[in-house]
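Here come two complexes built around chain A, the first alongside chain B, the second alongside chain C.
Let's turn to the complex of A and B:
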């Protein structure tokens, strides 16, 4: 007797259909075998399926069972073939039909209950694309799959529920279409911008960066508030809109970073890996390529605190993803492409001791030491960072005075409102271009959307000559001026916009 | 004292007890101590259209380990080969399975317990 159940397998963010074929022979010695390049986790499925069936008070058939996972030449990974295998075996024992156009997916627990399984969203997207209409997934993962309204998702808590449903003795309730939660539940920043005293220029630069998705580097003495500024960033970032949310949730779903019962994400990711993180941890990789921090920061922020302490290999590896917005990881087992359109926020000290240019404290570093320290981040990487901003040390007296005067800064919520408006302008502008923010503009987009009047262009040319800006920096300045104009809500880029943009040009090289 | 002869006689006693037990359960005994060049099968029976090969393990007292513990992978492998040989010889083309019966005897050879384990080879060892 041959039974076929449909399931799928994930390679990176791509999904391939898998036919779970189950043959139950009524001759020879009873046994249970899985073929079709199963990994250890798939092979151990035998034990889980057998025990789960027995613990559901159903007798396990004493027959020779052969399971084939077709296509047989792609290595199978993961624990989610438990449900299709169990359903297939039970359809023979309890005599019910496997419905057409239906996918089964989920890991079984020994007691027969279904566990949260990673990748449910990818499965639902695959189902939509290839004409499947129904989906059986563990209850804890159903919220993810239910984000795709075209698919009927059945959330099952127990193997017995699925079996009874298929046998027509019980009706599972399809999951309601899940929507992204509102931001208030999603991202709560550690600090409010209003809590940060002074640093108006740095706050303004942060606002511009957050609006256009630009990369930003903060340089300043220890304790000036660089980390605090970066940690306050999630509070001013606008929520993900629908397309972005789907993109981000896909990455998190595939890598198993969505918790039990989680659904679409609405808060922009904020990733802050420590500087001892490895190349693979940041970029992604492994025998079966997993997304790294840059992909987990997709459509959000990658915060690299103590930028100069990161190994050079890691920083240089950021170059290509910073430019392209995706990363392709090639391994013996295959090639995987992960999106990595993130906003880089970096912070660094000006020198090893940290007090270069400090108003009070002397710097004790030798010029050689400073030069060596600066060299850790190469020209090409610094050239890719649009906004360079200095975060000067705050005088303690000023701090006390400011606190007394109760001169509160602008709260994050009102900054966020401004950014939301400016992002909407960008969203409408790029509706046809498959990009989301100003930072993603290519040269063709710049010609179309960031036209400079002859006067503005003259200023940019002059500045480029004087500060020896690279061609890339030249275009980046144009993008930043576009963002500043968007923040103001105006169409034309004026001299004032360009002049402000030029303040944030890369400065490290003029000093050397 | 205890020697090889003694162990053999205990084994035979266990096999006799096992076959009586299986007969009561509805098994039809086809062969006892079926021997090929691979190994020996203690009992071959037929139960509801299924050919059953039974390995019997007997122990006097459990202080030196349970009889279940003496069934290892190698022994089962031999039984499997032997079962396949028997099935081929009688041209059996339906299901067959391998069972185990474990017997524990007391000081005076009275039965302390007798357990029948069905289909022990389906579990991947």
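Let's turn to the complex of A and C:
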């Protein structure tokens, strides 16, 4: 007797349909085999399925059972074929029909309950695309799958529930369509911008960066507040909009980074890998390529603290994703492409000892050491960072004295409001282009959307000469001035916008 | 070709012969011009120069050099090389005394300055032949030549325990004049100069303080720099007033003037473009 159950497999973010074919032969010695390039996890499925069925008080058939996972030439991995296999076997034992256009997915526990399994959202997307209408998933993963309204998702807590439902003796309640939760303000950031004393210029630079999705480099002595500024950034970033949320959740779902009961994500990701992280950890990879930090930071922030301490190979590998917004990882088993449109926030010390230009502590580095230290981050990578800002060390006494004088800093929520408006302007502007924010503009976009009047152009030329700006930084200034104008809500870029943008030029070469 | 001047040679600098243990011979690169040794000022200071130290060096040394005084220093990074550069910028001549063999450029990455010294009629000197490495004892030995060649020694920034103070001590022992530029009393690298001033070194705040000693007067070329800069805008005028007192970070200016960072950034950029102010090491100062 041959039974067919539909399931799927994930290769990166791609999903391929898999037919789970189960043959139950009454002739021959009783046994249980899985073919079709199963990995160890799939092969062990036999034991889980057998025990789960027995523990559900159902007799396991003493027949020769052969399971084929078709197409047979793609290696299968993961534990989610447990449910389709168990359902297939039981349909023969308990004599019910496997419904058409239905996918089964989920890992079984030995007691027959279904466990949270990664990739539910991808499966639902696949179902929608290929005309499947019903989906049986573990209850803990149902929220992910229910984000796709076109699919009826049945959350099941136990194998018995699925079986009883299919046999018509029990009705599983379909999951309600899940939406991304609305964020309560300021709940996602560790710090509020208002908590950071001083650093007016750096905060402003952060605001500009967050508005246009620009990459930013902060240079300053230890303790100046670089990390605090970066950690306050999520609080001023606008929440993910619907399409972005789906993109990001897909990556998190595929890599098993969504917790039990989790659904669509609404906060922009903030990833802060340590500088000892490996190339594969940052970029992505492995025999079965997994997304790296840059993809987990998609549509969000990748914060590289102590930028210069990262291995050169890692920094160089960032170049292509920074330019293209995605990364393609080739392995013997195939090629996988992960999106990686992130905003790079980097922080670095001004010199190896960290105290160059510090008001109190003398720097003990020789020019040679400083030069060597700065060269660790190559020119091409620095050239892809739009804003460069210095974060000077602040003396506690000064601040305490000035605290009265300074009116309390602006809270993150009010900065975020401004940024949201400026982002809306950008969305409208780029409605026809395949980009989202100013930072992604290429030369053609610049010509069209960031026109400079002759007066502004004159200022920029003058600056390029006086500050020795490279050709690339010339265009960067244009992009930043566009963002500053957007923040103000005006169409034309003025001299004032350009002049402010010039504050964030790279200043390293000024210091010989 | 090895160029060398023996102590017995009549062209050997007279002042250097007077010291306790003059070098027996000097190896050199460049054209030996006895005129070069007539009026020499040694400029020494910390390797860990602050932006104040660099500006002070440029302020004083450039004018002294353009009046025809030869600037002698040790070619080390920091104040030394800033002094060489200031002299070259002003069209003056300068002598670098090396702590290593004459065939070695130390530090190597300052090769461009090395070449400019030679192109502008200056000299590279060393008492060591070949490509000997500098060692911890060759530095103070070199310092006695720097001090010995010169009628006066100017210390710009020096910590309490530093080679610059050794050079100043040597100059005193040789009966030469010691000048010192005062610095902020809170700065580590100004504690040495403060000590020198307390002990009786001559106070320097402008080139004339030194030129008077050499019986020369400075050109008025640089003088107009000190006249007050004016701008039309009120805000710019206020910023200038603050910056003429001390160099400051934009954040501090913003707090003092109660001005949003965005607007201040715009103003600072425009002022910098006009060349009214400059920024270095994160701080702005009046040009």
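Here is the rule we use: the second predicted complex is superposed on the first by the 498 of 512 C-alpha atoms of A that agree within 3 Å, B and C clash if a C-alpha of one lies under 4 Å from a C-alpha of the other, contacts with A are read in each partner's own complex, and residues count from 1 in each chain.
Criterion: a contact is a pair of C-beta atoms (placed from the backbone, for glycine too) under 8 Å apart; a residue touches a chain by one contact, two chains touch by 3 or more.
This structure is a prediction, so every number in the text was calculated from the model and none was measured.
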item: Three-chain arrangement built on chain A, chain B and chain C clash or fit; value: fit
item: Touched partner set for A:499, first chain B, second chain C, both or neither; value: second
item: Comparing the two partners chain B and chain C, which touches a greater set of residues in chain A; value: C
item: Degrees between the directions from chain A toward chain B and toward chain C, using C-alpha centres, nearest 10; value: 130
item: Partner chain(s) touched by A:462 [first = chain B, second = chain C, both, neither]; value: second
item: Which of chain B and chain C A:363 touches, first, second, both or neither; value: second
item: Touching partner for A:46 - first (chain B), second (chain C), both, neither; value: first
item: Which superposed partner A:63 touches (first chain B, second chain C, both, neither); value: first
item: Which superposed partner A:29 touches (first chain B, second chain C, both, neither); value: first
item: Partner chain(s) touched by A:379 [first = chain B, second = chain C, both, neither]; value: neither
item: Gap in Å between nearest CA atoms once chain C and chain B share a frame through chain A; value: 71
item: Chain A partner contacts - residues on chain B that touch it in the complex; value: 50, 80, 83-84, 93-98, 118-119, 121-124
item: Chain C-facing residues of chain A, complex; value: 198-204, 356-357, 360, 362-364, 366-368, 371, 390, 392, 394, 402, 405-407, 459, 462-463, 466, 484, 495-497, 499-500, 502-503, 507, 510-511
item: Chain A partner contacts - residues on chain C that touch it in the complex; value: 47-48, 51, 77, 107, 109, 159, 186, 188-189, 249-251, 254-255, 258, 260-270, 272-273, 275, 279-283
item: Contact set on chain A toward chain B in their complex; value: 26-32, 46-47, 50, 62-64
